[in-house]
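A, B, C, D, E and F are the chain letters, set down in written order, and residue numbers restart from 1 in every chain.
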Amino acid sequence: MRVVKIRRGTSAIYALVLLSMILALVPCAMAGDPTGARTLKENPEAPVNYIWILVCGFLVMFMQAGFAMVETGFCRAKNATNLMAKNLMDLVIGSLCFMAVGFAIMMGADMAGLIGTTGWFLYGEYDVSRYLTFFWQLVFCATAASIVSGAVAERLKIPAYLICSAVVSLLIYPIFGHWVWGGGWLSTLPFGMGHLDFAGSGVVHTVGGMVGLAGTIVLGPRFGKFVNGKPRAIPGHSITLAALGVFILWFGWLGFNCGSTFSADQLRIAVIAVNTTLSAAAGAFASLMVIFLKTRKWDVGIALNGVLAGLVAITAPCAWVEAWAAVVIGLVAGVLVVASVYFLESRGVDDPVGAVSVHGTNGLWGLISVGLFADGTYGYYTTGGAHAIGLLYGGGAGQLIAQVIGACTVVLWAFGLGYLLFKAMDAAFGIRVSPEEELQGLDISEHGTPAYPDFYIKNGGGG
Amino acid sequence: MRVVKIRRGTSAIYALVLLSMILALVPCAMAGDPTGARTLKENPEAPVNYIWILVCGFLVMFMQAGFAMVETGFCRAKNATNLMAKNLMDLVIGSLCFMAVGFAIMMGADMAGLIGTTGWFLYGEYDVSRYLTFFWQLVFCATAASIVSGAVAERLKIPAYLICSAVVSLLIYPIFGHWVWGGGWLSTLPFGMGHLDFAGSGVVHTVGGMVGLAGTIVLGPRFGKFVNGKPRAIPGHSITLAALGVFILWFGWLGFNCGSTFSADQLRIAVIAVNTTLSAAAGAFASLMVIFLKTRKWDVGIALNGVLAGLVAITAPCAWVEAWAAVVIGLVAGVLVVASVYFLESRGVDDPVGAVSVHGTNGLWGLISVGLFADGTYGYYTTGGAHAIGLLYGGGAGQLIAQVIGACTVVLWAFGLGYLLFKAMDAAFGIRVSPEEELQGLDISEHGTPAYPDFYIKNGGGG
Amino acid sequence: MRVVKIRRGTSAIYALVLLSMILALVPCAMAGDPTGARTLKENPEAPVNYIWILVCGFLVMFMQAGFAMVETGFCRAKNATNLMAKNLMDLVIGSLCFMAVGFAIMMGADMAGLIGTTGWFLYGEYDVSRYLTFFWQLVFCATAASIVSGAVAERLKIPAYLICSAVVSLLIYPIFGHWVWGGGWLSTLPFGMGHLDFAGSGVVHTVGGMVGLAGTIVLGPRFGKFVNGKPRAIPGHSITLAALGVFILWFGWLGFNCGSTFSADQLRIAVIAVNTTLSAAAGAFASLMVIFLKTRKWDVGIALNGVLAGLVAITAPCAWVEAWAAVVIGLVAGVLVVASVYFLESRGVDDPVGAVSVHGTNGLWGLISVGLFADGTYGYYTTGGAHAIGLLYGGGAGQLIAQVIGACTVVLWAFGLGYLLFKAMDAAFGIRVSPEEELQGLDISEHGTPAYPDFYIKNGGGG
Amino acid sequence: MKKIEAIVRVEKLDEIREALKEIGYPGMTITRVEGHGQQKGLIEQFRGREFKVELIPKIKIEVVASDVDADKIIKAITESAYTGNIGDGKIFVLPVEKAIRIRTGEMGDAAL
Amino acid sequence: MKKIEAIVRVEKLDEIREALKEIGYPGMTITRVEGHGQQKGLIEQFRGREFKVELIPKIKIEVVASDVDADKIIKAITESAYTGNIGDGKIFVLPVEKAIRIRTGEMGDAAL
Amino acid sequence: MKKIEAIVRVEKLDEIREALKEIGYPGMTITRVEGHGQQKGLIEQFRGREFKVELIPKIKIEVVASDVDADKIIKAITESAYTGNIGDGKIFVLPVEKAIRIRTGEMGDAAL
């Protein structure tokens, strides 16, 4: 997902971000096209693009409902209110912070390939195409922030979560986003076509997954997750809601990936839709079969994770690969997510909903897969120019190298900053609720509101 | 949300609505374009507009699911079936009544600025653009009808509700809608640009909220809501479903507001999408913080109300304001909804889901805010012509006056008619279920179907 | 729903399907337009069509969530995980099988009006328009497969279900689809305009319903459904989720029907949207009233079935009839679904969610209604050419005959093959779980995962 | 000591608690149960078909009380649970040999 | 009077009720409980990991009966609840001192 | 035989089960209940308004044991359920006249 970057006439390089913020506010709102009349005249085809991007953006926004349902379904009833709060508030905080600062950093005028520097508080041009870009980037940012909540579920304090959402939306996501989609250094790597990430396997999913991993490591496992060092399953309270969430996510993801052309003229969107669907299906199939072979049970929980794994993995390569490759990418993702869940648990990491394995691990696999399967029939968000081509299609290792560099970078960046952030918050005020509150469930202690007061709940809720 | 009004050649003014209905049926179906071939030829850009309006209309239809989930989530398990029935049937009754009569009143040939008079039962022109207009208006009408169910929840008899839905769809909504969007008197007020309500803060939400207020007043509070005159909380049975409902509504609302341009050529849709999202976020943030400061708990229920408050408030101004103003409008809405909930309860009014505060109060705030924040960059559903400009942008008080007049009118009209309606029904057959039925829950007495027969329910359901 | 058929230059007729598969793989990938650049140049209006079809296709995909919620809501809590597994896996298996074989059979080069024979594994042209067609057909195929799960709920073993999904997606659906939409013999019947089924009342819904009927007959009724030969109600575990599912389906169905123009240029989409909505509303109204007159209770469960009945019935005629006819078709559907439920139960057939009555019976009614109500204003997915005209509009019995032939064919084909399939599987390995597993619920025995472990469940789950 | 087990209508719980509050609000434990006695069921319906639910939701209230308090409590419950219609429920009294308050270790009447 | 408490398999409830119907369908109260005895648990799995649920859902049936009826009822329950596998459950019998029918005020055996 | 009824904190269930395991893990039945005693409620809030929930979720543990085992079990429960704060709960002991294991027909102590 890249967007037509709005470069202003200015090429000045601001010494300090803070300074730049102040300076950016000095000039009056620059001449834009707030009504859209001029834009329409210059490009009579603009309406098709606008409605395409908006509708896809709506779908991406709706993914929030999917995350909320999956996460709550995979956690216990005593924390269901808490998960609703987190999934709502990351969208809320994310929207406000991204408007204030994040968007400027991600899409503002580039400084040294590192950071954008203009457009704080949407200040500057009042223009329909800028608002369009902002809307699109906003819903993506909210997605990244939302992923974290699953990994840190059932034990993180609300204030720590709100701060985490803010930092992801203000800095972690926009800066990395700038590197890949905002004209930053990763996009201009001298390998292949530079680091490529069509709709954000790395920028959105790995970022979210890595911050989540940092959070869950700093927090430590939930009470009862490991007994004498051996992992125990802590079943979620509603397979129904988890499945509903996955269906919603699959639906929204079609907008996420297809809309990332940022233009309806790219008829490649049809290929993207097919690839997205096939990879999701293949992911579910692989996860289901792996566990079936192990336990002889049809484990729908893991199949749901498999769908998401397939979706995450195809997000980077969706526009650059053929249908058969999408199936292969999905199959690998489905196996990987299972392996990753087992691996993390064997290392004592407790990720209640599998967010790290789904978004982190498979985000990386998605990035790599571009370097392997890109088939040389599509370019940089355009049919023209150079076409991405991977190892298996005779493109050599160039693209793969660019992908690996990006993959390493996102791990270092997002995990590193995430770790610092959680450690700092933990030192400052303690990010984990007390053992009593954890046992009782966060719903009552943090929110005063059990999610299901009319029902008997087997875990927690008591006094 | 305004639509290209289809004025027929006739300018005759019918003396009586009834008469007009009969007369309207006399002439044969007028020449329209049922295939759409002619329309396409005349306007090759029509498909973009059609698909935009249809997709947005689908989203608006989907809001019904959101209302159903929010309302049931905020009410008790013993009335969940009843709320499903009401939310389904208002769409059903609304569709049929609006087709029969409502649409003619709202969008038919204007009589004296008061009422439309042609097109009963969709009779008349068989034309794709007329069907398109009808579809759009239909889903809006259903939204208005749907709002009422939350306010009268947990005690209103089904037949009374069905009649109420019918009257809203036949008369209350279409007549007021005609005044604002059908070329009626409010749209031609000699202040500002006349009364402006872009997507229906007033026409849809305040109308629904005020009819709901009338209903809840006539019904009186639920058993147990006030103990010795002091309000008690009656917690809803599923925060999860309530949150899901809010996410669905947020999603649908993007279609509701953006589609109200009734044309994809209006690239202003990008601004509308941004404003809608930011106001919702700001509303949630404000509500959450107000209650946090009061109780030190992160109250997700009120934050969900805050989202809806922000959405309702931005509905009227969404196309006429800048992003920063959308944030301010949302923040105010978030505070207002809390204040309104407390105020109504202090007056003995029991609105189980906060529908009056969300839709009624904030609908009015949305109308007013147009008069304050309209920034002079957009016109009457078009980039051309005069542009709406509010007090804070140096437009003087004209627009504000037009907004206040409209706001007063909608309160008088919808509350007044709603009150008469509920009083009349109450006198005729009693609109409230018996105390035993209320205690047991309406699911068993009215429907014979408990919503969750496999679970133990703490309230009601017994014999 | 018809699609621009991609006929290749070849007219060879392969003697055997197997042979054809092998042969089809021999030629290299034919020249297509993988980037879409050429397609765009040839038809600058293509983007509107692409985004229309994709968005509608997304909505159709989302119907899977609706089916999952309706079916689980109407079944018991002890089988909720099982229903999630089935609804997920039919999409998964369906996608993979349809890609491998189904699509080639349905839309490949026609052989004798009976079967398509090219394009196995999407092999052949790598082309955006082909991918687009594939995506659309894929989500339709998944819908047909998904219908079966409701009819066979609460007792069918998972492996039997997976095989059933595969066979539906590989053969039963694609072959019948080829006959109607792929240029096969039904579409060229010498009556009326040949057999017409706009969006698939027959191709999708009756096929699904009839395979389901076969499954439920071979399985026999659930334990406890008939006591001394008299049918008993077995209430579902969540009216809330069932209602949510119906709202989702209604929403998705708008995409299902409107997108079946396979082109945004067909402004007739506005008429389709109106008809779809009105028929759904009328169906709910009729069902509700029929049961109300019988039991004096407002039965929301049956009203939900009524919505779906109305939607299924309008699916075939949606583009060819006027609004009033849509209301009539829906009213009849609402009565029919009730009659069908009673009739099937009186014959000892146990269809837990009413899938056969909704999709089977009303699919047939939808096909017939084209022959009655087609109003002569719209043609074969185009405004040009001959226009479909039914008995009531003076078109004579020709169209009706074509519809009846198609209706008989789909019953024979889908029920026949379905019956053979289930009988064969039953003989081979037994398709029904053991009585103990059925009593305990399939969630634990087949999946090891109760859907709601934190709640007390009244039925099953024990040991 | 006695254990008083009252099986009452779900809707009556609040009223009974009020009645018990007036006589000192003894500690109590309540359980959601289902039962039938004279009242043989309730007609419900699902998707157009009526059926009888034979087991009706009820509330079981358990109060362990000293022998002296027991009668007072029984009286309060009997009066507040009464509607006169079938399904009002029953009260059973069982002997209790020992009572212990976990927090303090107190035993016997002092533990109640 | 006696209180018969039977803890039985969830799936057996209907059969036991049928058996009790044949001997006059005494009033009864049932409660959803969880328990373990010889039967030490059930293997479930979640997202790829198996685990043991130690407490298995069971049904507790309580019937208060006159001393004479008690044995008949115990017999009916024992027979209808039997499968022969671990987990069939247990029956406990406790003394009841008093029984009152709230609706009528009847006491003792007449109240049952 | 005795029936030991302990009403304890929900969060303490696992710990109590561990304690009982150590002394032989007797069969037991648990029920979700609500109650109040000294602990008069919990403040919750809903949509901006606080309210008191007077009945707090608790767990009832029932163990039927031979007279000799009873004290050991009571001790194990008392110790493991203890926090020292209001709401720790109570233990009641009732006489049991008969016990039957459905699977084998064993009676008395052998049935436990």
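The working rule: contacts are C-beta pairs under 8 Å (C-beta built on N, C-alpha and C of every residue); 3 or more make two chains touch, one makes a residue touch a chain.
Note that the coordinates shown come from a computational prediction; the quantities given were computed from them, not determined experimentally.
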item	value
Intersection of contact partners for chain B and chain F	A, D
C-D compared against A-C, more contacting pairs	A-C
Same or different residue numbers at the chain A/chain B copy interface, by half rule	different
Distance from chain E to chain B - Cα centre to Cα centre, in angstrom	53
Length of the line joining the C-alpha centres of chain A and chain F, rounded to whole Å	46
Sequence positions of chain E contacting 2 or more other chains	31-32, 44-46, 50, 58, 87, 94-95
Residues of chain B touching at least two other chains	48, 51, 55, 235-236, 238, 295, 297, 299, 301, 447-450, 452-453, 455-459
Interchain contacts (touch definition) - all pairs	A-B, A-C, A-E, A-F, B-C, B-D, B-F, C-D, C-E, D-E, D-F, E-F
Interfacial residue positions of chain C with respect to chain E in the complex	224, 436, 439-440, 444, 447-450, 453, 456-463
List of chain A residues in touch with chain B within their complex	33-37, 39-40, 44, 46-48, 50-51, 54-55, 57-58, 61-62, 64-65, 68-69, 72, 80-81, 84-85, 87-89, 91-93, 95-96, 99, 121-122, 126, 128-129, 131-132, 134-135, 138-139, 158, 238, 241, 443, 446-456
Complex contacts: residues of chain E adjacent to chain A	44-51
Chain F - residues contacting chain E, complex	1, 3, 17, 27-31, 64, 94-103, 105, 111-112
Chain D - residues contacting chain B, complex	9-11, 14, 32, 39, 42-46, 50, 53, 56-59, 87
